[in-house]
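Just below sit the structures, each encoded as structure tokens.
The two complexes that follow have chain A in common; it is paired with chain B in the first and with chain C in the second.
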Partner chain A sequence: MSFGEDTSEMCLFNVKDGFLEAVVRGYKLGLLTTSDYNNLCQCETLEDIKLYLTGTDYGPFLANEPSPMHTTTLVDCCTRKLVADWRYLRENAGEPMGRFLDYCTYGHMIDNVVLIVTGTLHERDVQELLEKCNPLGMFDAIASLAVAQNMRDLYRLVLVDTPLAPYFSDNLTSEDLDEMNIEVMRNTLYKAYLDDFASFVHRVGGTTGEIMSELLSFEADRRALNITLNSIGSELTRDDRRKLYANFGLLYPHGQAELAVAEDFDQIRSAMEKCPPYQAIFSRLGLGETQMLDKIMYEEEVRQLVNTFEQQFHYGVFYAYMRLREQEIRNVMWIAECVAQDQKARVQDGIVFTF
Partner chain B sequence: MKARLAGATKGHSLLKKKADALNMRFRQILRKIVETKEEMGRVMKASFFSLAQAKYATGDFKHTVFDSIDQASLKVKASTDNVAGVRLPKFEAQREAGGAADSKIGLIGLGTGGKQIQECRKSFVTAVDLLVELASLQTAFLTLDEAIKTTNRRVNALEHVVKPRLENTIAYIKGELDELEREEFFRLKKVQGNKKKHTEAAEALEAAQRAKGGGAVGNGARENKAANVLAAEQDADIIF
Partner chain C sequence: MTDSGQQGDDAFVATLDAAQEYLAAQAALAEALRAGFLSLAQARYSMGADRVSALQFPSHMRASTRLRSDGVELSLAVADPAAPSTSAQPSPASSASGGWAKADAEAPAAAHSSNGSDNRSSGGGGGGEAGQAAHGAAIIPAAPVAAQGGGAAAAEGLDAQLQRLRLAAQESDGILQSLAVKYGCSDGGGANAGGRPDGSGGGGGGGSGAGEDDDYAEVPAPGRPLSWFGSLVAPSLREAEAQFSDALSAAVAAANAQRRVRAGADGLRGSVGGGA
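== the complex of A and B ==
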């Protein structure tokens, strides 16, 4: 990166994207803080949680909810807040930021497409499926996905107009829809998406490229780790497993090769520990404590996301904001579940503090 | 009649035994139900918590699970159990070793949270096992309850209605027979007394005639005739 490019980025970023960056930094201040979480943990009922959240940025979204609260309604309200924020950002974004924001939501879009496709294969009600879709991953033609009866139709009629088209055409053939396991399909698509996203941020370059590739490689590595962990003992072959790993990340390619052949947790561990950042993570983990791994990974992710706010003039903050909000929604859900199920002793297990 | 009474008594004691047996089983089942219910509460709590954990890790995975399943892997088999002649329905959970379904479920949440989903599945399977057991116990409980009620009703009916009625009848018949006997005895006595009186009167008359010193022959014939009439009367009385 030449000095000139860097300077011009600093000079010109605010011309187009300065406003939105300011907005997103404003949104960031609305994220729940540690003291908020501490207060939420003290709540005795879901009503208390609602009352407390009304005092935060979620207020307008929760105020009109009728009284018998459920965890799902609570989570829905919080999601609505994120969606509203995101729509506002997207509507005001110019290029190439608009594309960047779209890229952030492709992951949800993949989930939605997979949901609808499998749902239709099993003849479920489309309306019901649409309600279950993540609102961030919605696109106009999504309802018409249900029309397609086989992969070729699906691709020809619907998907070709969506941004997901290349992922489908490059990785799946028409026979796959019926034969391949849906989870394998989902992860194949996700891998293609991550690769594409990585090359996109690389093209954008500058601080954005730098920061985003860091975040994305962490995401890719975490997925690789999770896939390995979850596929131990299943029928997934090593080659299949290898195909689901993204083509970048700190583990690429040697670490992934080791992960692909790992058969138990210790082998995974030794594969991961060859990479210095992950060695630190695994050293926090006692022997045999696989349960805590998820939480530690979440914490690591949150730490990286928060760090993106330290730098200015880049798009990473938007991605970070979305991920932080999602983590926050998960936290709220966890607290609400613990309160609703009278398991307050375990409330700390699921919360990942952001600030 | 006596045979019927004996039958009733025997039936009563048998039914009583059955009722006792049923009651014993009933108590057993009741105890088991209480235990299972407590266990159920615990397991359900743990299951729902693990569901929450899985949701935390994966988001909403309900439809993914729905869509990857086409046949139940757990089936409930109904059979009957016999306790003292009462048929109790019994349910058993049967695991179908469906390779395809298992492998499909095994891959759910491959990207994130697969392990939590498996945990969740495991705990819910134990919950279902418990539920089936509880259902079996509950239906057995209800059927037994019904059976015990009818048995008790029968026992009570035998004890308080049939047996007293039979006893009453027997007592009445006995009383009636006694009375007949007594009447007969009395009548015999009376007849005997009458006979005695007549013979005494006849003897007195004869003695008086003999004392007169042999009266007129015609007189004697009349006396004879009168005696004959008396004798005929006496015959009729006996016949009667």
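== the complex of A and C ==
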């Protein structure tokens, strides 16, 4: 960015978006700290966890929950906090921030679509599925997804009027929606979404473009890694696997080409270590240690997200806040599961500290 | 030492051996369940709480593994992936023969235990929400599914059989009848209340629609439960599946060992009473 662009960004950002940036920085101060997690790890029961979280930002959402507590109840209450914050930000956002905030939720929209379609395939009640959808990804005609028999119907009847419409490719098929096709659809939609999001932030430009490009590149690489890991031993062919990788990121295109042909974790590791930023990450893993890989990748993501708050006058802080909250909810869920299963010795395996 | 005394000693030693096997099987079962629930929690951490939950369970579930008795020991019968199925996913343990194949229930394998599993042998506490739901799904009895081209008749046959089994279980405290009612399966001998199974399944070997499998002959073979959560699942979820399979094998081994302990104890009680 040139000096003039920097200056104009600093001078003009606060006119429309300064208030919400201040709000989100206030929300960020409510994230759980290391001492909070240490106290949570000392809890003996889920009731203790609920009692401790009542004294945090989650208090208003947990205080009236009846006993006995369950892990899913804790997760739902914590998610309601994120949803309430996000809705306040969205309702007070101008443009183009409003569009940016919408882009941040399209991933949840894709997850909701897949949830409804999968649940319908398993003959679950649509109302029950709707209640469990992520509120951040809801849209008007979501209940109509249950009538679709194949992907062409899915697009033609429902999704053509949603923000996900551009993510459906021209070669829609009439194949039935079975587990594999749904999984391919999920990852294909997410790939198109990431590509579109990256184009959008590039058009926004400025500090937002710089910061969000890095965050989205990491997200694309992480998804490529997870798709590769999860497809080992599955029916997904190499060509189909390659088609699910995003068209950007540090691994694009050569790293992705190696990941596409990887057959075990060692080959994946070899492909990832050829990229210097990931070599440092994988050096912390022992041989064949796939279980720690999730935590290490989340730690790297959190490190990048926290660093976004070091700069001002950009939209990246909103995306970072959402992802940090989601990581916090994952931490709380992991702690609750370890407490419920009497596996407190393993609780440190899943906590990613933010501050 | 007289022959009868030697026999009594041998029976006593065999009973003690069976008791030791029972304790070992119980410990293996607890360990496998504990590891399985933790792997399930890891899968939820990796894939997301909304992708690994009770919401992914189908409304009608069919058992992929059934309990079979040949009159002497219990064994597991696993659905064959070669049979027509609603899902293309292979079952965890299958044989080349059609229909249901016997799985090895005598040696619960420890090969699938997770690398970082806790080796404490104490009984695990209650599982998490998804863990309890998944464990419950593993033992939900097979729903009477409409068969291809003969749905009503097959469903009625299964309902009638279940009703007969419930009556038989009420009249007898036999473990076979109780298990058959709980898991919605044949007790191996038709509806004979308290009677020994007639062994029509042929020594517990793989059978394709013979004997007690007649009622299930036209029912599509169940798919692999792992496919409920998607085709691209985290490795920890696959580990959880393997660990719960080990737990099932350990449970059957424990039941067999318990039966031998009871039989041995009854025999010893009888010999002591006769001697007195």
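Basically, the second predicted complex is superposed on the first by the 333 of 355 C-alpha atoms of A that agree within 3 Å, B and C clash if a C-alpha of one lies under 4 Å from a C-alpha of the other, contacts with A are read in each partner's own complex, and residues count from 1 in each chain.
We take it that a contact is a pair of C-beta atoms (placed from the backbone, for glycine too) under 8 Å apart; a residue touches a chain by one contact, two chains touch by 3 or more.
Being a predicted model, the structure only gives us computed values, none of them experimental.
After superposition onto chain A, the modelled positions of chain B and chain C overlap sterically. In the superposition on chain A, contact of A:41 is made with neither chain B nor chain C. In the superposition on chain A, contact of A:143 is made with neither chain B nor chain C. Once chain A of one complex is fitted onto chain A of the other, the partner contacts of A:70 are limited to chain C, with no touch recorded for chain B.
Touch criterion not met for A:130: it reaches neither chain B nor chain C.
In the overlay built on the shared chain, the residue A:296 is in contact with neither chain B nor chain C.
Judged by the touch definition given at the top, the superposed model places A:345 against chain C, while chain B stays out of reach. In the superposition on chain A, A:306 contacts neither chain B nor chain C.
Ranked by how many residues of chain A each touches, chain B and chain C are led by C. Of the two partner chains placed around the shared chain by superposition, chain B is the only one that A:223 touches, whereas chain C remains out of contact.
Applying the stated contact rule after C-alpha superposition, one finds that A:190 touches chain B and leaves chain C untouched. In the three-chain superposition, chain C clashes with chain B only at 77-85, the remaining stretches of 77-85, 149-157 or 167-175 being clear.
Residue overlap on chain A between its contacts with chain B in one complex and with chain C in the other: 71, 111, 115, 118-119, 122, 124, 129, 132, 134, 182-184, 186-187, 226-227, 229-231, 233-236, 290, 294, 330, 333-334, 337-338, 341-343, 346, 350. Touching chain C in their complex are the following residues of chain A: 70-72, 75, 111, 115, 118-119, 122-125, 128-129, 132, 134, 178-180, 182-184, 186-187, 226-227, 229-236, 288-291, 294, 329-330, 333-334, 336-338, 340-343, 345-346, 349-350. Every residue of chain C that touches chain A in the complex is listed here, in rising order: 34, 37-38, 41-42, 44-46, 48-51, 53, 55-60, 87-89, 114-116, 118, 124-131, 227-228, 230-236, 238.
Those residues of chain A that touch chain B in the complex are listed here as 71, 111, 115, 118-119, 121-122, 124, 129, 132, 134, 181-184, 186-187, 190, 223, 226-227, 229-231, 233-236, 244, 290, 294, 330, 333-334, 337-338, 341-343, 346, 350. By the touch criterion stated above, chain B contacts chain A in their complex at residues 45, 48-49, 52-53, 55-57, 59-60, 62-64, 66-68, 70, 103-104, 106-116.
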